[in-house]
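Next up: the structures, one after another.
One chain, chain A, links the two complexes that follow: it is found with chain B in the first and with chain C in the second.
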Partner chain A sequence: MALKKSRKKNTTQSQNEKRDCNQIRNELLSDDASSRRWAARDIVNCPGATHMLLDQLNNEEEPSVRQVILSSLTQLGDSEAVEGLVNCLRSEDASLRNEAIEAMKQLPEEVAPIMATLLNDPDPDVRIFAVNILESLCHDDVEQWLVSVIRDDEHVNVCATAVDLLGEVGSEISIEALTGLKDRFTEEPYIQFAADLAMKRISGD
Partner chain B sequence: MKHILIVDDASTVRMYHRNILEAAGYTVDEAVNGIEALEKALTGKFDLYIVDINMPKMDGYEFLQQLRREPMHQAPAVMVSTEAAELDHTKAYFSGANLYMVKPIKPLQMMTYVRLLMGEESA
Partner chain C sequence: MSDHNISEHDFDKFAEFFYRKTGIKFEPSKRYFVDKRLTERMRETGSDSFRHYFTTLRFQASGEELQRLTNLLTVNETYFMREDYQFRCLIDSMLPDVISRHDPRKPIRIWCIPSSSGEEPYSIAMYLLEEWEGINDWDVELIASDIDTQILATAQKGIYSERSIRNVPASWKRRYFKSVPGGHQVSEDIRDAVEFTRINLSEPADVRSMRNIDIIFCRNLLIYFDDKSRKVAAEYMYEAMSPGGYICLGHTESMGRISPLYRVKKFPAAIVYQRPLEAK
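Entry: the complex of A and B
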């Protein structure tokens, strides 16, 4: 008997959850921003949540709803969410790009496997955003990634962004690459300034 | 003495621009994002703004759009970014920028335009 009761309860509970998820999906498409905001928060336990949130993110114009969508995607943190966030880096919308960068900083383990790909993206802006993500990405390889950028990347602004960060997180192992960077961009006063500053910070002068 | 606000989330960039401007005799204040910049701009008096686009919390476009709604805060603004696409230039001017410059900026280039925008030197 106990087993039957338990089954009945579970079925009812499951039906409620299913109905709730349908309702939440509809609310995510509501004209009312407040409803969309709540739905973006509550949808995380529903099947297909990542896909629906990413769809809505591309159409959502209300910043507060977008913020909740990104927070939920960060909470979900699956490969589809990370891929969707990477696509946001290619957006023409500067706010969305910056929000995606902040969200990706919260996913070090999920973002780490694709970091090398991002740092080699054909679009220099995406490479710059990848370096921006490294700023707060708590991962053991951050310094090594930055060193490879300033050693190999040919775009001055990608290197400039990386050298800024190396001044904060770099150690003695970055010095040789920083010297090499100065030699590669002898005509760029900013690179000379930033590399000197980074080396000064690293050596504690 | 002319007072300039530098708005950029990168501390090295702020320091680099500050060095150039202070060497030329200007006083400089800094903000790390659009929100801090808006607070400083609305409570202070600046003769020029140098504004990065990509910043957390509030980007450069949004900062300038909000600033330009204030009739008392119409000092010229230079928008600086790593992005060189035509669309970025257009968006900057629509947001209220007087000039769009692609990083990295050379000192002589910066001083030429800063002086021009503040009416200190003709082209």
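Entry: the complex of A and C
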């Protein structure tokens, strides 16, 4: 036995064949996970792709297929994809929620227009997830959104999540809101601690 | 007036940010190296202070400046036997595990991406021949891919400087290299054993052709990708691998920050990532 070069072509004929969208749609429902993953990649050029991917995301149990679906939704990045990901934030499935958060972090321009709505959602968990999205959202308004949270949100856990992040990304413009946050939650030791820490980091002490 | 001074606080803030983005951790001992490059980029981008530059770095939607800085802060030099603890891990841990469930009629398939100028796949070939007894019982296919056709041609010629082969044991040098004008050429046997192919890891049609790979060496490539592309690349490699297959990243890279698809595997010589055996 030995080192040897591959004797067969790596590419099989079927892999090279152009598949039409109907075929790809059917493969998205295949019993074979690999076929579903490839269909989830290839479907992005088909009409109605976002809708089909979101449908499959909610029914898909294989994590590897879900990851590919999320990558394709991120690639599509249209309003329907963003809306579908937002709906995942309300899912009872913690994995799906976290996967949606990660996907939305990749869509700063698409998520930005709905961020204010997310940060004002009646469900505090959704507001916390929205702050989680801000953690890695590459957008100019991140600090301003966080300031609005610590200034206006009445839920201590939402504010605590936001103040942690402000300690990392905040600047002098956050100082006033951080001081105000301490005044709003005088009985919450964690808020006092986190706000002080954020201010210390911002001022560079 | 411009202030290109970088305070200790600035450095810590930058180091933390850069670590989160790339997995590359700069300790304070690297300050001279980092500061020099940061100052250069501040000047090039017309930033009047670190603060201004850092804002661009963090919030620029295209991520272009972060990429430029990353390129400056990563060392592209490659050479024979680089990070060879992973080759030791290949011999001592990964291959024994792979063959324990491998069909003996089929070859073991190892994929190096990027091939770059060939030092890595040739090092692996030499390691297999010199250090792995299993080579007497198994066929091994070694595939090396790169997006750059010019670098692939260089790799196929297999001519290297003295500096490039400085870590090759003397006895291996005698066995596998000959002196030629311009340097040292890898022996024909070894060159013939590696299949060089052009593959763009971001191109589905390219990656679709890769199948049943048992071990992937993808070192110091994904750090050049943005988050989306890095995740997609990790998903393509997952597709190319056999269940239970392994992937080795560069020592500053971590799959945990790229994709949740892989399982961390801690072997005595190295930490690598595995496509779960039970994965569909």
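The criterion applied here is as follows: the second predicted complex is superposed on the first by the 186 of 205 C-alpha atoms of A that agree within 3 Å, B and C clash if a C-alpha of one lies under 4 Å from a C-alpha of the other, contacts with A are read in each partner's own complex, and residues count from 1 in each chain.
Note that a residue touches a chain if its C-beta (ideal position, glycine included) is under 8 Å from a C-beta of that chain, and two chains touch if they have at least 3 such contacts.
Keep in mind that what you see is a predicted model, and the values were worked out from it rather than measured.
Student: First (chain B), second (chain C), both or neither: which does A:68 touch?
Tutor: The answer is second: A:68 touches chain C but not chain B.
Student: Looking at A:170 after the superposition, I want to know if it touches chain B, chain C, both of them or none. Which is it: first, second, both, neither?
Tutor: Neither partner.
Student: After superposition on the shared chain, which partner residues are touched by A:84: those of chain B (first), chain C (second), both, or neither?
Tutor: neither
Student: Figure out whether A:197 sits in contact with chain B (first) or chain C (second), or with both, or with neither.
Tutor: It touches chain B, and chain C stays clear.
Student: State whether A:125 touches chain B only (first), chain C only (second), both chains, or neither.
Tutor: Only chain B is touched by A:125; chain C is not.
Student: Residues of chain A touched: more by chain B or chain C?
Tutor: It is C that touches the greater number of chain A residues.
Student: Sort out for me which residues of chain C touch chain A in the complex.
Tutor: Within the complex, chain C contacts chain A at residues 7, 9, 16, 20, 51, 58-61, 63, 107, 109, 125, 128-129, 135-143, 190, 192-195, 197, 204, 208-211, 227-228, 231-232, 235, 238-239, 259-261, 279-280.
Student: Using the touch definition up top, name the residues of chain A that touch chain B in the complex.
Tutor: 92, 94-95, 97-98, 101-102, 124-125, 128-129, 132, 156-157, 160-161, 163-164, 167, 188-191, 193-194, 197-198
Student: Can you list the residues on chain A that touch chain C in the complex?
Tutor: Within the complex, chain A touches chain C at residues 1-6, 10-11, 15, 32-34, 37-38, 41-42, 62-64, 67-68, 71, 74-75, 105-106, 108-109, 136, 138-140, 142, 168-169, 171, 204.
Student: In the complex of these two chains, what residues of chain B are touching chain A?
Tutor: Listed in rising order, the residues of chain B that touch chain A are 10-13, 15-16, 19, 53-56, 59-62, 82-83, 87, 103-107.
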